[in-house]
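So that you can tell them apart, the chains are marked A, B, C and D in the order they are listed, and the count of residues begins at 1 in each.
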Amino acid sequence: MNVTSRLTALAVCGGLLAGVAAGSGRAGAADQPPIVIGTTISQTGSYAEDAKYALQGYQLWVNQQNAKGGLLGRKIELKYYDDASDPATAVTQYQKLVQQDKVALLVGPYSSAITAAVANVAEQNKMPMISPEVSSVAPFKRGLKWVFQGQAQSTRYVAGAIDIAKQNGYKKIAVTGEDTAFPRSIAQAIPDLAKEAGLEIVFNELYPHNASDYTAIAQKIKQANPDAVFGISYFPDSIGLLRALKQANVTPKELFFAVGPTEPNFGKEAGKDADGVLSTTNWSANLKTADNGDFTKAFQAMFKSNPDYHSAANYAALQVLAAAINKNKSLDADKIREFMATTKVPTVMGTYEVDSSGIQVGYNSLTLQWQGGSQYVVWPASYQQKKPQLPFPAWTR
Amino acid sequence: MRPELVLQLTIDGLLLGGVFALAALGLNVIFGVTRIVNLAHGNIVVLTALSAAIAFQRFGITPIEGLPVAMVGGALLGVIIDRLILRRLPEDAPTAETTSLLLTFGVSYFLVGLSLAIFTGDFRSVAYLTGSWLVGPLSIGKSRFLAFAVAIVIAAMLGVLLRSTKIGRALRAASQNLDGARACGVSIDRMRTLSFGLGSAIAAAAGALLSMIYAVNPDSGSQFTLIAFSVVALGGLGSYAGALLGSAILGLAVSFVGFFGNTQLGAMMPYVVFILVLLFRPSGLLGKSVA
Amino acid sequence: MSALLEIENLSRSFGGLRALSDVSFTVGEGEIVSVIGPNGAGKTTLFNVISGVMPPSAGDVRFNGRSLVGMPSHAIAEAGIGRTYQVVRPFVRLDVLDNVAVGALLHERTLAQARKAAEKVLAMVGLAHLAGAPASSLTLTQRKRLEVARALATRPKLLLLDEVMAGLNPTEIDSMCAFILGLREHGIAAIGAIEHLMRVVMNVSQRIVVLDFGRKIAEGTPAEIAAHPDVIAAYFGSELSVG
Amino acid sequence: MIAKRAGYAVLALLFVVLLLAPLSGNGYIVSLCYITALFVALAYGWNLISGYAGYLSFGQITFFGIGAYAVAIGVTRFHLPWYLCAALGGVACAALAVPMGWLMLRLRGPFFALGMLGLAQTARILTNLTPISGGSEGIYLPPGANAIAAYYWTLAIMVGGVVLTAAIDRNAFGLRLRALREDERAAGTLGVDTTRSNVQAFVLSAIFPALLGGGYAWYLTYVEPNSIYSTEIELQTVAMAILGGMGTLWGPLVGGLIMSQVSESLSTRFPQTHLMIFGALIVVLLIALPRGIVPAVAAFLKKRGIA
């Protein structure tokens, strides 16, 4: 390995020089240069898991649109860097996209934290940017003019789980989740929503990012003896929490994990225990939204896997961007901004619509349930694929 | 406070301690002999856990069936790290400690990158032995119990190996007094490589078993390194009974503080205990004082 | 008037092992005292305790009437006790001048002044020509001298010399002896720990303390020690036969 | 002599370029220069405790975090100018570093290194639990053209790092530190107050990340515990200082300049494999030049009789 790593290092140095040389000679081949759209994606670091689906959404749309002849008669190119889940890196890379790569348009990165940091780049350069991966509304409350939310608000993620609890007469709810920006923004919305629905919160405590263990939380929940457990968790802690609850033999009637189980992988990693788990998505293949059927089929064909709501939201962001460009027949930033701020656009996610702060009001959340190894929409009733199966089965199924 | 709750928390804490011990025993072997803090230790744990997850999902091989293969693989990796990388370190006394720490830091980066290239950033785990045995009001996690038992078996086997075999005595000599051991004809080079192989094999065993308890991705490695080092510092260098005791204390601290206080404070315990122990009993609970 | 250094019932044990056991003696101003005894007799432990590298288990060390027990080693150096180590370890990444300047900083405010003072000390020990050399390039003899120079730079009233003669050839030993005798002219007292080399001990010291297994078995002038039956039995016997 | 003069000429040129960079009006150049200056300055701070005093620390990010939160909280809750908050953060960290250093410096070698790492994790969790920090939600600062101000702040601290290190290279305090690094016991016997000197170095080395963290908060306009108490920033800083040459005046500058460019190029050109390459690069360089680039170049020049 040592010799190879020496060689690799040499190769890298050579590669860098070659890259610099090559970069200068590339432009000007076609009479119509492509429209370049810039973004960063967390291919490494703590956001890497979900960010992958987000990138695929962008890639699919660019592919499809190019097959149809691009935009304004020009091909489209997606230029993206790995921000390593680090906001400062993302800021530098967005600056690079704008200043060095001279991209025509920007779209948002993955995660609220990184969007919060790069929003400033879009603002300063007066470039409109739909950010499909920011569900917290906090970044928009400081007066952003050029950035728009392309994801359903986080407060809507729990509406279904609460409604299901209410319908089934489950009174006592335990809330837990990861103490980071996005889960916390959801968790904070629960007490008010629960009160409205006449439910009682019997336990409410968040665990830290990178928690080493969930046993203590599971025991506490067991002692609180809730009817429903709401875990506002990402993928790894959903698995960790699920196992801890099983091992502590906590037996709620309703088990809801906000976003972790939405990922297709959840069934593989959790095995049979996945059955009965509720989760949230902001998109489903059977939504009757614009081009939704085509989107799902094309996605499966291109990536040999099913899209999740990240893919859909990122795809939708580009749908809105395309609508803005086609309407104005130009890449003029002010016109595109104006369009994004004021126009309702049908997308795969639903109807894109933002309020005066740029906060998304058009998209909604759906509640899913794992049943027999697959996920189905169980709420709201209008999109229901299967009826929710409750109560949550005993662990010794 | 109900007695069965205290008992349950104690069981949880001890089983969690077993998990910590698994991560720590291998590090103890390496640190004991080489005085190198192997920052790549946790990455070996994670690399194996990810492999175990793939083996289970693709081929239905359970981590327990795969344990011997994992350990051989881990041993190989450890030997490679020592022979190809750490061995190259010039014996430059004032900076050797720093440089070796930094080298393992580079190796750790490399292994994260390698794992990402092989396994992507996905979190993986093995859905096997996920339930628990219910004994009256108490529940005992199956996979945790297994990890706990294996940790004790490994610690016991290490004890026997170190006390009753020729190689073991040489290893112990090397860990206690390098110059003395060299004078007695023990090949320090060989002992170093052996300790890396052995320690990494144990790390691999830990990874295979932990895959049934946690979902991990390539970035999870540093957590295991830090926890392992806390345990080693707490229990005392080179003391295997100390490592078990240290992990039990840490496990109990996380379990009880997490329950009666706050889970975030519970998660802080490994770091806090680590610093406090080093300040007030620098040689660890069962360690011999280091001059 | 009390002595410069008073050692009173000093003990130090490691685990169960008593390295130093109930040792008492005094050193007067400008006096040169040798502590002799075989390897492991407790000489280095005695120095470590006096210089604050480790605390005693029991007993007291007083310097100018003030107890040193519990003081950190830099405060003891400040009080006026310098020491050398048996295993010489110069600061290898510093040059010779700076090695000595570290000690001189105790009494000089700036680095320039400390370096100037260090140059004088280097001249005293005969290393002036090597001032700019890296300490790692010195020979053993030169390192021994450097070790003494570093300690002298702290301007001690009492110097603890741990085996400064070990490893030197007869000419070098003679010049080191002359050097130590010269310390008296500067009003510096010294305790030398010496394992062998009875000729040196007899010539240089005004008094001799004999340690064996951590205990003081004799104390007196060179003549008294040479005639002491216990010392002859425990120490000189073997020394004489070795030659 | 020629090499030395050439070196100073390059330095002067570099400084002028860095000083004038924002005039380009190119945000990318400002960002790149900011990140570079940030890491170089962090490396200078780290070099004091780890390079000069010899205590390898993996936890300086603790002070970085406190500095960042000083600005975030001061600006949003008390409406103070950010640079004042950043300065106050520096003062607070200096005061905090005295008892903390006194305690932590009793640890040795890898124990100190990992103890500091644990301290940073503890600080992260405590920040999460403290209401005024906004917890995990973080704090949003007013957006705007913050980058240039943050950049000049950082550049000034970086220059301060060079000047301070140069002074330490030439003064009594520096000699004491170097003696301590070589052999703490011998230095003590020679009258060096080991605890005091080490704590002084620890305090100085805490002020740098504290001040820089303040600028970072202003630059990013958003602070949140996980991205502020970043292990990644810490480890990159360490790698840079070591590769440049620990305990040398120019090591942090050279290491920081080279590594921040290499790291940036790698991540944009090899998104899939850059971590692997970065790791391999560290290993190879450490084996080839264990003392770092600056001492190796100095030795090479000396051998050729150029300097």
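By definition in this document, a residue touches a chain if its C-beta (ideal position, glycine included) is under 8 Å from a C-beta of that chain, and two chains touch if they have at least 3 such contacts.
Predicted model only: the values in this text are computed from it and were never measured.
The greatest centre-to-centre distance from subunit A, using averaged C-alpha positions, is reached by C.
The chain occupying the central position, as judged from C-alpha centroids, is D. Subunit B and subunit C have CA centres that are 47 Å apart. Between the CA-based centres of subunit A and subunit B the separation comes to 35 Å, rounded to the whole angstrom.
Note: centroid distance subunit A to subunit C, computed from Cα atoms, is 73 Å. The set of subunit C residues that touch two or more partner chains comprises 92-93. Residue positions of subunit B with contacts to 2 or more other chains are 85, 88, 94, 110, 116, 262, 264, 267, 270. Of all residues in subunit A, those touching 2 or more other chains are 2, 5, 43-46, 179, 206, 208, listed in ascending order. Interface residues of subunit D, counted against subunit A in their complex, comprise 26-32, 35, 125, 128, 135-138, 140-147, 216, 219-222, 224-227, 230, 232-233, 264-272, 274-275, 277, 280-281, 283-285, 287.
Interface residues of subunit B facing subunit D in the complex, by the touch rule stated above, are 37, 85, 88-90, 92, 94-95, 97-99, 101-103, 105-114, 116-117, 222, 226, 229-230, 233, 262, 264-265, 267-268, 270-272, 274-275, 278-279, 282. Subunit A contributes residues 2, 5-6, 8-9, 12, 15-16, 19, 43-46, 80-82, 84, 86-89, 91-93, 95-96, 98-100, 113, 116-117, 119-121, 123-125, 136, 138-139, 141-144, 179-181, 183-185, 206, 208-209 to its touches with subunit D in the complex. Partner subunit C is touched in their complex by these residues of subunit D: 170-172, 174-176, 178-179, 182-183, 185-195. Taken together, the subunit B residues at the contact with subunit A in this complex read 5, 8-9, 12, 16, 19, 53, 57, 80, 84-85, 88, 110, 116, 120-125, 127-128, 130-132, 134, 139, 141-142, 144, 213-217, 219, 223, 227, 254-255, 257-259, 262-264, 266-267, 270.
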